[in-house]
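The same chain A turns up in both complexes below, where it pairs with chain B and then with chain C.
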Partner chain A sequence: MSALKQYIDLYTQHRDAIHSRSPQLLNDLRDKALAALNGKRLPRKGEEGFEKTSINEMFAPDYGVNINRMNIPVNVAASFRCDVPNMSTWMSFIVNDKFYASSTARINMPEGVIVDSLENVAANQPHIIEAYLGKIAPLDNASVALNSLLVQDGIVVYVPRGVKLEKPLQLVNIFSSPIDLMVVRRMLIIVEDNAQAQLLVCDHTQDNEHRYLASQVVEIFMGENAQFDLYDIEESSAMTSRYSQLFARQQAGSNLLVNGMSLIAGTTRNDYDIEIDGDNCDTTLAGMAIGSGKQHVDNSSNVKHRSSHCRSNQLFKYVLDDESTGAFEGSILVAPGATYTEAYQNNRNLLASTSSRMHTKPQLIIYNDEVKCSHGATTGQLDQQALFYMRARGISEKEARLMLMQAFMADVIDTVRMEGLRDRLRHLVEKRFYGQQMLCADCGISCHDSKPE
Partner chain B sequence: MKDILLEVKNLHANINGKEILKGINLTIRPGEVHAIMGPNGSGKSTLSSVLAGNPTFTVTEGEVDFHGVDLLSLSPEDRSHEGLFLSFQYPVEIPGVSMVNFMRAAINEKRKYFDQPALSASEFLKLMRQKREVVELDNKLASRSVNEGFSGGEKKRNEIFQMAMLEPRLSILDETDSGLDIDALRVVAGGVNKLKTADNATIVITHYQRLLDYIKPDFVHVLYKGRIVRTGGPELALELEEKGYDWIKQEIDNQ
Partner chain C sequence: MTEISDKKNKEDLNNDIIGDVTSGEYKYGFVTDIDTDIIPKGLNEDVVRLISQKKGEPEWLLDFRLKAYHYWKTLEMPRWAHLDIPEIDYDAISYYAAPRKKEGPKNLDEVDPQLLDTFNKLGIPLEEQKLLSGMAVDAVMDSVSVKTTHKEKLAEMGIVFCSFSEAVRDYPDLVKKYLGKVVSYRDNFFAALNSAVFSDGSFVYIPKGVRCPMELSTYFRINASGTGQFERTLIVADDDAYVSYLEGCTAPMRDENQLHAAIVEIIVEDRAEVKYSTVQNWYAGDKDGKGGVYNFVTKRGLCRGDYSKLSWTQVETGSAITWKYPSCVLAGEGSVGEFYSVAVTNNRQQADTGTKMIHTGRNSRSTIVSKGISAGHSQNAYRGLVKVAPDADGCRNYTQCDSLLLGSNCGAHTFPYVDVLNDTAVVEHEATTSKISEDQIFYCNQRGIPTEEAVGLIVNGYAKEVMNKLPMEFAVEAQKLLQVTLEGSVG
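This part shows the complex of A and B:
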């Protein structure tokens, strides 16, 4: 049986139960998704765009799906202690399949801003869902359609015209369940004209005993001159898999920064699909992956320049140790009308062991002459000269290697536009390389004493 | 006769199977400055690399005693801890590693080697400040990534700054004068002289007499085809400056 069929069967068998617990707008989407899935299958390893990662295999195990949306008993507060302050955020959680706002998320939020669960917004502000949900994530993509078919909850961020959020938003996704679990979640982000926001997302898994799978679809709509940063830190477990598909559309003058950091996970695949649909946009797409054990990280980017005078910059870096594997497939498309485009793509990888593997495929498709574009990919080992230089100063080989690996990630961290987060990330990356177990308490990104209400 | 600091006996080394050092003998005592000169390709930089423990080279024969320690059996980092310092001909740029972190790791690993506690942040910064003055190293450089974007002169000053921080017993300056203008040369040489004591020693590897005007050698050795073929006092350097290496080459090649 194909992986997809088991979910379609699950849906058709439990359609009534699913629909009865879900707002009408989401159910309408499910019906469309079911129709779209007819004759489709999930991508398999080796197919174009999926050369090293099988989505079919990722979804094949029989994960539990919380069809009846029962409360899964979780003691989040007990195990979720982030005690290093320094950053103050408006914070929310998605625990397994359910969204919770923390008490901090409601204080001093500017008028008209919505940060709430997909379920609530679909029920209470349906015009937002009608206008945006599923508008740029195409249902003819089988994985998007599967997410739409089974979507459980997620976050909606709506920042109205001209509103600039002074504090970053934060979303903590937590897996914690007594059984293996698949979660189907969604992020819908609308930053209207001249509005500004930053969102920090942290994925955590609270145990190393159960297998988890996250299906995630992110849609980002940016109005004219809007600015939005998305920082997505994955720090889950070797038993956790994730397929995240991000779609963004930028209007004129907007400035988008997406930085995805895969620190700990089992198998991760991130798709970035960015449509630049207005003049004078800026796009920064950055990512890092630190692999150890049998971890697998695959990033795939597609930045489409459809307007003039826009700049995009992609920077993806991997450090792979042990038997970990990485893949990067990135493309830049410059459409015929997108004159004076500046688009760059850079993928650099360090193999820290002899059995780690990296697969990289940079692509550039240009349909006009008035452009400045470049792409590059390198895969290699640590700089032996630098290593000897450091050892000659008395730094042990092990320490020197760790320092060089950390240093390798410095420019990915430098893209971050939140100063406090840069410091935290350096700390996190250092800890990650030193192999220390990462507990929430060590992460210290900002969570304070926030907890779901 | 004072104690011997470094004793090199019949040292042979090769790279990729090609023999570069063909039996080096060298004895250095505390307080001495030795200059090693010689034509291009004679093995000067190889000698410094081999002494510092660069894994690119393989020692095939010979031994090196460093104040009673079998130097060749030590890792590069332990050679550093034991007091050997190599000032690189081409200091390596290490983007993303700050000078402060780099130096702190170096100092504290050395302290750990001798069972001393790590320096506190304030002690360390104070030490950095003091030692920076030896070579007039700009504070801005000290806060940047190691050698990244440094000019040639700044890189060499940075080498001597690191030497000041680590207080080695034997320093090998590998063509420290290359790429330096006359002012930078004076500062760098001045730094080396300030660090000189009766207990430490220096090996100066250079092509030119010029540097030896500033750092006065007690002995001058000529390295040619992987061997020290002549040893003399400072006057040998002057003679080489005047006559070049050809006369020595001819003498050796005709033997």
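This part shows the complex of A and C:
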């Protein structure tokens, strides 16, 4: 049986229950999604674009889906101590499938800014949902349609024209459940003309016993001269799978930065689909993956230049240890009219063990001669000479290797446009390489106590 | 104001010159009026049997063909390439066309004079007087090998260089041992088709320790209309042997598309070296994309021996659609694979070409240098795979793909696949895409070189790295071809 069918069956059987606990706008989307799923199937391993990751297999196990949206008891005190020292943020949480805004989240928020759950916005400001939800994430795509069919909750960020948020927003996604669980969440981000915002998203899993699956669709709309940063840090568990699909559309002069960091994960696939629709845009897409155990991280990017004088830059780095596997598939598309495009892409990978595997496929698709485009991909090991140099100075081999690996990741962290977060990330990466568990509960840093309402 | 209009004029001029490219003449577009033996169109089991019977083949080869045919019937045409391939009606093609000849010409006097004329037009040194030029040629016309020169001299050294049919007749053990060992009939759609209906081709065997004293060469030509060409080349270089092999292709201008689906198999034993060079200039269709050859070729070499080496060099200027990935399986320890390619597309041509380097032997090395040039409304894609197997320690690959765009309506694409399953491998890939820099043209203009010549100069410089790898005779021809193909083109 195809994995998709079990979800369609689930929906058709429990349609009333699902609809009764969800706003009408989302229910309309569900019905459209159901129609779109007719005859579709989830991508399988080996298909073009999915060489090393089977979405079908990822969704195949029988995860629980919280249809009745019951509250799952969670030890919130243990989870909600996760923030960045030296950086104050407006924080919200999604625990399993439920959204919580923390007490700090609404204080001093500028007029007109909305940071709230998808459910609330659909009920209170339906015009926003009507205008944006599902507008750039195509239902043609079976995985997007499946997400739309079962969507539970998510965050909506709306920054009106000209508003610049002085503090970053933060969203913490937490998995914590007494049974195996799948959550279906959505992010909808609208940054209007001349507005500015930053969003830091952290994924956490609280235990190593249950299997979790996150299906996530992110839509980002950027107005003219808008600026938006998204930092997506994944520190889940070996039992957690995640399929995240990000769609962004940029208007003239906008500046988008997306940085996805897979520090601890089970099976992760991230899709980035960025449409550059106005002149003079800047796009930075960065990512890192640190793999150990049997982790699998697959990033797929597609940056589409449809306007002139735009610049895009992609940088993805992987360090793979043990039996971990990595995949990267990136493409740059330059449309016929997109003259004076500068688009670059770089993928560098370190294989730290004999059983680790890396698959990479950087692509350029160019229909225009007024362009400067390049891509580079390398896969190799640590520089023996550098290791020798450090060994000769009395640094143990293990220490030397770890130092070189950290240095290798430095330029991905350097793309971050928040001082405090950069320091924090350096620390996280260092701890990750030293093999320490990254659960916040064990975190040695004295985090602030910030509990939800 | 003047400045603006000057600039405008210059742009117009450039556009005109780009426009001129599309009117470039295909000088090999003649048809030779030779009596040809064509079987009825269509493909079924009887056709496969008929081909086999016409060629007087032994039972085992017929079995091979039939197995391939039945397997082909289960396949679908591949769609993953970045190509817009019109539906091909495999029943509208005639699978066998041979120049009708009297029983086996003993010397050149007996060869059909019109055939000789054709080859003279192509500039193939088929005639006796040109034997001095030191090249052994096997000419294949409409799938049948018509004449092999220099055979006696090669035979003295134990080298076998003959048409595929002769090889089947005279060296069945060798053919049986190697046929389908590198490219199985189950490999892909076109390989299966070729294995079922191949009509002829070349066979080369270089015995142990022999260094082939001259370059071996095959010229392929499709002549009859409504036919496909399905030839097979099999090259075996035994221990410590060396051979340099050249392949050239042309076809007449025709309105309809013609299908060319060939297989090249190469086996390289211990410390042997094979150098395979191609200048492909099939008819590319007219400026509106009408007609032209579909070139769907499977080429693969197996570097089976330790320290063996296989080098592919290709200059691709022809064909309406090219689908071709000359590959190396580097199974021997320390084996070396090389791929040097210049692919030029113009008008409505489409190319999806590249290579595969599959490292399964320890310390094997490979180099890929691919230069794509697109002009007019053409689409030019590089697609390549570098794979390092788990047990292949110490492998090294370097890949460089550059694309040059001439004109604003063409496309250049790069699809490299890199699969590394071993942590001691070092694999590098680099690709750039750009147009000819205005600075470079300005520099040439300043020194009195007109723009058109400057572009030629820059393009030749750009392709030099690959051209240098071609044998002398070919390099001259390839350079001329490059000039003809891009005549008048200014980016």
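Going forward, the second predicted complex is superposed on the first by the 441 of 453 C-alpha atoms of A that agree within 3 Å, B and C clash if a C-alpha of one lies under 4 Å from a C-alpha of the other, contacts with A are read in each partner's own complex, and residues count from 1 in each chain.
As a convention for this text, contacts are C-beta pairs under 8 Å (C-beta built on N, C-alpha and C of every residue); 3 or more make two chains touch, one makes a residue touch a chain.
These numbers were taken from a predicted model, which means no experiment stands behind them.
When both complexes are superposed on chain A, chain B and chain C end up sitting side by side without clashing. After overlaying the two complexes on the shared chain, residue contacts for A:L351 are found with chain C alone; chain B is out of touch.
In the superposition on chain A, A:I366 makes contact with chain C only, while chain B stays out of contact range. By the touch criterion defined above, A:H127 reaches neither chain B nor chain C.
In the superposition on chain A, A:L404 makes contact with chain B only, not with chain C.
Looking at the shared chain after the overlay, A:H375 reaches chain C, while chain B stays out of its contact range. Our angle of interest has its tip at the CA centre of chain A and reaches the CA centres of chain B and chain C; in the overlay it is 70°, to the nearest 10.
In the superposition on chain A, A:Q385 makes contact with chain B only, while chain C stays out of contact range.
Touch counts on chain A: comparing chain C and chain B, the chain ahead is C. With both structures placed on the common chain, the touch criterion links A:R393 to chain B but leaves chain C unconnected. After superposing the two complexes on chain A, the shortest C-alpha to C-alpha distance between chain B and chain C comes to 13 Å. Common to the chain B-facing and chain C-facing surfaces of chain A is no residue whatsoever. Touching chain A in their complex are the following residues of chain C: 80, 82, 390, 403, 405-435, 491. Residues of chain A touching chain B in their complex: 383-386, 388-397, 399, 403-404, 406-411. Those residues of chain B whose C-beta lies close enough to touch chain A in the complex are 52-56, 75-77, 79-81, 86, 88, 91-97, 101-102, 105-107, 109-110, 113, 145, 162, 166. Per the touch definition, chain A reaches chain C in the complex via residues 48, 51, 336, 339, 349, 351-381.
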